[in-house]
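These notes concern the structure reproduced below.
Each chain carries a letter (A, B and C) given by its place in the written order, and its residues are counted from 1.
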Amino acid sequence: MVSEPHVESLALREQFNSAEQQKDASSLGMWVFLITEVMFFGGAFAAYTVYRSIYPGVFGAASRTLNTTIGALNTAVLLCSSFTMVLAVRAGQLGRRKQIMAFLVLTLILGMVFLGVKGYEWNEKYVEHHIPGPSFQMEGPGLQDHAQLFFSLYFAMTGLHAMHMLVGAGLLSWLLYQTWRGKFSAAYYTPIDMVGLYWHFVDIIWIFLFPLLYLIDRHGH
Amino acid sequence: MSFRLFPVEASSISAEVDQLLFFLLAVAAFFTVVIFAAILFFAIRYRRRSDNELPRPIHGSIPLEIVWSVIPFGLSMVMFTWGASVFFRERRPPDNALPIYVVAKQWMWKLQHPEGQREINELHIPVGRPVKLTMTSEDVIHSFFVPAFRTKQDVVPGRYTTTWFTAIKPGKYHLFCAEYCGNNHSGMGGWIYVMEPQDYEAWLSGGTPGATLAENGQKLFENLACANCHKSDGTGRCPDLTGLFGKDVKLADGSTVKADEGYIRESILRPEAKIVAGYQPSMPTFQGLVTEEGVLQLIEYVKSLGPNPGAGQAEGLAAPGSR
Amino acid sequence: MTTAVAEERETYLNAGHGVKSWLLTKDHKRIGLLYLFTITFFFFIGGVFATLIRLELLSPHGNLVSSETYNKLFTMHGVVMVFFFLIPSIPATLGNFFLPLMIGARDLAFPRINLLSWYLLVIGGLFAIFAMVAGGVDTGWTFYTPYSTSYSNTWVIATALGIFVAGFSSILTGLNFIVTVHRMRCPGMTWFRMPLFVWAHYATALIQVLGTPVLAVTLVLVLCERMFHIGIFDPALGGDPVLFQHLFWFYSHPAVYIMILPAMGVISELVSTFSRKAIFGYGFVAFSSVAIAVLGFLVWGHHLFVSGQSLFAGMVFSFLSYFVAIPSAIKVFNWTATLYKGSISYATPMLYAFGFIGLFTIGGLTGLFVACLGIDVHVTDTYFVVAHFHYIMVGGAIMGYLGGLHYWWPKITGRMYPEGWAKLSALVIFLGFNLTFFPQFMLGYLGMPRRYHVYPDEFQVLHVLSTAGASVLAVGYLMPLIYFMWSLKYGAIAGRNPWKATGLEWQTDSPPPVHNFDEIPIVTREAYDYSGTVGQEVQVG
């Protein structure tokens, strides 16, 4: 890769000796951060696993009330957003400013669509009285009490995921602004790369959440 | 004010735990002395005599590293095995143990004898006889701790935990709550009275001899109209409970479960959790309708419904067998 | 000494003036000092709580404060000392200051994130202080459910939020250290030339990064449960209160190693410098840090032997716990062996190192007792456990921290501390500590439960001894506070390398310049190679 000296010196922070060292450090830092995120969600997944093994029937019944079609649609939306994010990074690598902006906007829109659909689903839960608490209602043996556990975990996990999506959307907006200001070039696009990693990670979390929450009891039905 | 440095040994397990302690103390003392002595000796022997001293470097020694890894590891495995074997005995009550039921709440211990006696913050037991405690909590986690018996078991809401001991020395011993449980945690204590068998019998027959635990359970069983469905001839909508306790029960999902205290408790409070094979999940929950103490009485009642080989065994029960 | 020249030189201390130059600094050395002030503040807050606890326990009948107050005192003592003093103590102060220096870097990889992590600690601390001022919290630092979620009427949410935020401070520090060690080492500084202090911090960072997020999500669940009562840990709704204990100890047992591993790193530096010898078995000591970090994640269940977990689980966790003992033992033996045929100085840091090895030995060996199933059933939740972990955390971590602080004080400030006073305080702390906590082993085996406000008369003698020790200990801790401040103005000028030590941090000026080194060093030798730092090699002994 041909490096452009003036750009390099602009972006190089004083603790680093070279642009390459800086990029390596950023990238490793991001990976380590993602590992902490894995552990963070891991705790919630552990709680989910424990309760699902204690109440398999209840979790199955509660899971069946979720709308698989909408969930699958949302999964597709998120996968598309990951794809457009990859294209944004690629555009960054090539230093094509307009393309970067186009793909970032697309990614942002898809992310917002995902959140919008999620909001619609949450609202559905509200209408159906599936929000844990005094107003919770679910017909069926044992469901009144213990299905709340499923929905507590459902809201905790999808809520944490949505919060990560919001942070991601904020990062995308910041990238857009920086791209617009012409901060990035083929020689320096590390932030796009890093936000890309983050965005894919949030995507992957959903890839785990979707089957665990929506599909656990769909086999054979 | 009494003062002692070592707790009394008042249960069959106390001496075992103390022997284990002495072994660990010996190992710990040995290593402490070796390390302290070595540091002291080296520090004096090789003290810096001039500011320009430069000792010859020594980089290490693989044989030494192996020696001081393997020897401690071997010793620690002895500790593990010994400790685990004591623990194993501590945790597995003998079959003939005298059952006592414990309900803990902020901040008191409520204890029930099968004969019907109820005690608060006091427990009278006979010397020389194994006693098994089945415990639960009405609120937060507590812990049943009798230092003289070297035994401790957390008491957890929503489930049964058990512990057992055989007292070997008559006397009066501290009962503490060892798991922090709120404001009056340190006041949640009491006494264990270990009595000679004849004194214990006298104590049992004294006081107000109410109904036994099982009789109270039967009353509750009738009041809650359990018998409407749990018919003793096996024709009800729900399984017959005769001879149920201790058996393996086949469930609707194909698995089997042993009908112990925890299973019966769960079946009363969360009947939908485990459905007996061949039955519909028609039983309502009794959560809120029956107290933890009531549940224990019901369990004792079910236990008292000994084997009844004449009646048709409810489907789902294992082959009839005597208990 | 060329004092006049030294005073004119630009250092990290005089490079900028005013509050803003400190609060917005990105210099790891200044951030290290910000941490130093912060944790010192919290140490003395926690110390005040400890003092009140010990005073109360002078008498068995609980007549100094009410039970409610007492429960808040031990809770806040634990919360402050664990989350706002011990966990940040060595890594965030000495680690922050010296890790880049020791590997020849100009700064940590992410200076802004480093500053952010200090702000997070302060914000977390403000939440905790708010909770204390508003009325306190009484759940114990362990926040066991369902007491913390459904029964306590105190400021659980504010405290838990504070710990949550401070947790991210710890995560970011760990992340910064990992990346720095991987990517910022100077030319020639290979992994096996790194000082053991750096190895220990690397291992610590692994735990911070892997463990702390689990605590964070556990606290989120506790907060949800407390605010909305949605049944995650509430048995009435089918939840499992013991699940909380598993999640909590999955972090909080490794957290003990976050506290002790950096202290072990300090001790390795001290033992080498003050016996002027390479650490015996460098590779074993380095890898034992990593081994402790990894094994530390497999033993959390030994806190739950009497919680009702299965017999089998208890045995597995007991078995695995003994594995952690081995790397700890390896360290102690290697430090001791390093002294052999060394040139041993009795400077204050070395006295702390001796104290550490001795107290950590006792703390570690009593760890074998509590890992032993048969004994733990009797001693868990008693003063035996209290004594055991104070031997590790106070006898170990704080001795290491103070030793390190004395050792590097000349580098940080450019001035020497008063040696006589320092030796005296080291001795006072050692004696006071043992008098405070040794009787607690006996109390515990006698059956005195922990967190007891009122206790039977027969335990009083040992409690009085313990309180007497605590008052000695308090004096010991106040002395360094005073003479360190005194030394800032009156201490002798230290020079670059007062101990004739080998680390790169000693090759730059004291205090160091803003970018640490005027020229990036190139390393050509192993760590702890003393040839060339002093005169001729002599045969000792």
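To be clear about the criterion, a residue touches a chain if its C-beta (ideal position, glycine included) is under 8 Å from a C-beta of that chain, and two chains touch if they have at least 3 such contacts.
Values in this document were obtained by computation on a predicted structure and should not be read as measured data.
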What's the farthest chain from subunit A if centres are computed as the mean of the Cα atoms? B
Hey, which pair has more contacts between C-betas, B-C or A-C? B-C
How many angstrom between the C-alpha centroids of subunit B and subunit A? 45
Could you please state the distance in Å, as a whole number, between where the Cα atoms of subunit A are centred and where those of subunit C are centred? 35
So which bits of subunit C are touching at least two other chains? 238, 240
Quick check on subunit B: which residues sit in contact with 2+ other chains? 270, 287
Multi-chain contacts only, two chains or more: what residues does subunit A have there? 55, 145-146
Across the complex, what residues on subunit A touch subunit C? 13-15, 17, 21, 24-25, 28-29, 32-33, 35-44, 46-47, 50-51, 54-55, 132-133, 145-146, 148-149, 151-153, 156, 160
Subunit C contacts subunit A in the complex at 105-111, 113, 171, 175-176, 178-179, 182-184, 209-214, 216-218, 220-221, 224, 228-232, 237-240, 243, 246-247, 250, 515, 520
Interfacial residue positions of subunit C with respect to subunit B in the complex: 62, 67-68, 71, 138-140, 144, 146-147, 150-152, 235-236, 238, 240-242, 275-278, 280-284, 305-308, 311, 314-315, 318-319, 322, 325-326, 329-330, 332-334, 336-337, 339-346, 354, 357-358, 361-362, 365-366, 368-369, 371-378, 380-382, 442, 445-447, 449-458, 460-461, 500, 528-531, 533-541
Under the stated contact criterion, what part of subunit B meets subunit C in this complex? 1-7, 16-17, 20-21, 24, 27-28, 31-32, 35-36, 38-39, 42-43, 45-49, 51-61, 64-65, 68-69, 72-73, 76-77, 79-80, 82-88, 90-92, 106, 139-141, 143, 145, 147-148, 150-154, 156-159, 161, 174, 176-187, 270, 287
